[in-house]
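The structure under discussion appears below in the form of structure tokens.
In order of appearance the chains are A, B and C, and numbering begins at 1 in each one.
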């Protein structure tokens, strides 16, 4: 049994009097695709915000490997290897696609001012490598020919893919996708399905995703956590979740 | 006739607004205050507003301003000739002090100080999107660093210049560290508060700064170790003695101009490199979406701090130069108005646009000098310009075009 | 230290009257911020304009009839100052801010800074940059008592400031909580878009907040002129920052907060100037502003807002 990559235990998030998330427990194993589903307002994005360091949970613990990362600032968590996309895509809209990928590599680049000011070979090499990596990822998500286009001018599906590429270029260990299929047509959803599998298989990344598209979730996920009113009501493989009576009643039953 | 009705209403409103302030002038005679009524300004204002409203001048002017071409510095034809253009401008700038009148050189030196301040603040406001209303504080730190180090320790300008820059940058870091996590408008107010605090401290710390009297007799810069004064200081040599030519105070004016030019070129060089470096990209990314930056592992505080400290550093350099040029400084030179003038330069030039900022700095400093009667209305017009620019052309006269790093297309890459 | 008590008592009185002025100005900042989320940087100049219009009116009335009853001169000055200053508040919003609805946050702020510079220099152009002395309309004290051998007094002007502020605050609170316009204001500060959808004329509500802010600032301006005895075109800048400090201290967006913040700041400042060199009085106020924004940006009565990711 491999040790889990991400361990969330007893997670609770309270906003004033509102208990948005309570008693959330799950683990994501290396190489696993793990989905969180639940009706709107169930607290899924709040869990994401806690894991990615945008909220400081009011109780509970989050570990990456064996290291507690609870309540650390977002940029430190990102550097530790957890990066995310956003429900309402957050690209740098006036920067080009390739620049978006360069900014994402900031942590890995030569940011020494001296070598940059005098254009030392070390700096040039770092910049060239960064461009090459950017080209690689643009190719991967099918945006190579849009490299110099402003991100805000890309089509919606392209923006979603660019956002994923921007995450992947930071070489994360855990990728958080917040409703990646929202607004995509069936063809694009299918491509997304393939892309996520490919990332997992070839780039050694575990995926934690929130998604409303049930067919995508059921097909792609290794395990699923179902939430309702901020609490977990079921966890397991797609088959287990599908046959869980509480889940059927609360969520799938309404369809 | 809706427009006629609006125009009449606007004219009436103008009359109400201007009557007590422009129409009735308070005159103090000893202990008593009397009113002198002069309706001319009111009449003119009312007429102006009436006509402007009737012709819908605001919309028309607005349309014209918006229709002004966007000068794109990354356009192909421009970038092809950019080296040529730069060379021409540089040569002209170098020849200028030897052919122009003494007064003109003096004004140009003054303007170059503002170019430097504008470029420095542009990093903070234009690139990093942080509204700093206390920018003048760093200018003051640079000026007082030089003045005090020179007075108390006899350090030379060229030693103090980097020290002044470093001091100002250190101040920027000390101040920036706690405040940079504040939201934009709060940041603006806090920096304003800090700027005022620094000025008040300079004004009241008599034992160190001589309070409101300021510091006099600050040494001029030297040129390769040669002094620019009529008489050499003990152990020093003056320029004219060294070359065996008669003394002319014009030499000092020219030397100061050239030093200012050198500083501006240095500033431009550094900034132009920085915007092509990861930190430059990070500034823009941060301005656009701080949350996305954090999610990718960029530390927003550190990145903002770099912009803040760098901007402060250039203000410090400009301050040290200012002190050495005038030879005397007082806290009164570092009021909020000064920050506002530099901000007006950045806003007019176009936030993030360096050529725009340079032109705006020249425009806003040289114009009041050329037309003396204009200088009375200088700040009035600055204020108006800021409002109108925000309404018509918030991106500035020459909007920023950051050099884009282009990825060659697949075909180009294969060639 | 048997002279400490009278000093304290006198400082409390002075602090209350100064704080009342801050509170009057702070309301303008806080209401505008509560509704459109912008710092109306030019509000300090509005207050300064109120002071000037007040002095012009007092001088005009005094010259016109020599021996007009005092109450008439005073109420005339207040009324005209309020009307003209309200017109300024309305015009400033209409000209410099309304075209910028929906722009990024810093755009209206820069416009406001421009407006502030413009108004300051405009008044300077019309009235000169020098101090203008204000005729002492209300000399004398409301009371003067003896505390352990030292006099403690409340001047008539100061009393007027405190009572006028109190009355205006009560009236404003009632108006905001009872009237139709007050309800619309509260709706807009909750959710401007929704209020608009529900048929509230949001532009009118915004204009209303600027007018109310200007009215209170005008009263403050006229009264401070009487109290200090001189005005100049630069009084708006510092008073503006201090009133903003008061608004932030109380919790920006909160009307009771502005009152509380104003009084607290007034007291802090008078006590500071009683025990520190007076030159550092402004440093104390600015330092307080910086500290609050750093450590408790929601102020005393404000509510924290959660960052939306």
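Simple rule for what comes next: a contact is a pair of C-beta atoms (placed from the backbone, for glycine too) under 8 Å apart; a residue touches a chain by one contact, two chains touch by 3 or more.
Source: prediction; values computed, not measured.
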Field: Per-chain CA centroid nearest to the all-protein CA mean
entry: B
- request: Looking across all chain pairs, point out the one with the most C-beta pairs in contact.
  value: B-C
Field: subunit A and subunit B, separation of their C-alpha mean positions in angstrom
entry: 43
Message: Centroid from C-alpha atoms only, then distance subunit A to subunit C, rounded to Å. What do you get?
response: 49
- request: Averaged over CA atoms, how far is the centre of subunit B from the centre of subunit C? Could you give it in whole Å?
  value: 31
Message: Can you pull out the residues of subunit B that are in contact with at least two other chains?
response: 291
Message: Can you list every residue of subunit A that touches 2 or more other chains, as numbers and ranges?
response: 54, 86
Task: Please set out, as single numbers or ranges, the residues of subunit C touching at least two other chains.
output: 307, 309
Task: Can you check the complex and tell me which residues of subunit B touch subunit C?
output: 13, 16-22, 24-26, 28, 31, 33-35, 41, 129, 131, 133, 178-179, 182-186, 188-190, 192-194, 196-197, 200-201, 203-204, 291, 336-337, 340, 343-344, 347, 376-377, 379-380, 382-387, 389-391, 394
Message: Under the definition above, what is the set of subunit C residues touching subunit B in their complex?
response: 38-39, 49, 52-53, 55-57, 59-60, 63, 80, 83-84, 87-88, 91, 95-96, 99-100, 103, 105-111, 113-123, 125-128, 130-135, 237, 241, 244, 248, 277, 279-280, 282-283, 286-287, 289-290, 293-294, 297, 307, 309
- request: Using the touch rule from the top, collect the residues of subunit A that touch subunit B in their complex.
  value: 52-54, 73-76, 78-79, 83-84, 86, 90-96, 98-99, 102-107, 109-111, 113, 116-117, 119, 123, 131, 134-135, 138, 144-145, 147-148, 166-167, 170
Statement: Per the touch rule above, subunit B residues touching subunit A in the complex are 270, 273-274, 276-279, 281-282, 284-285, 288-289, 291-300, 404-407, 409-410, 413
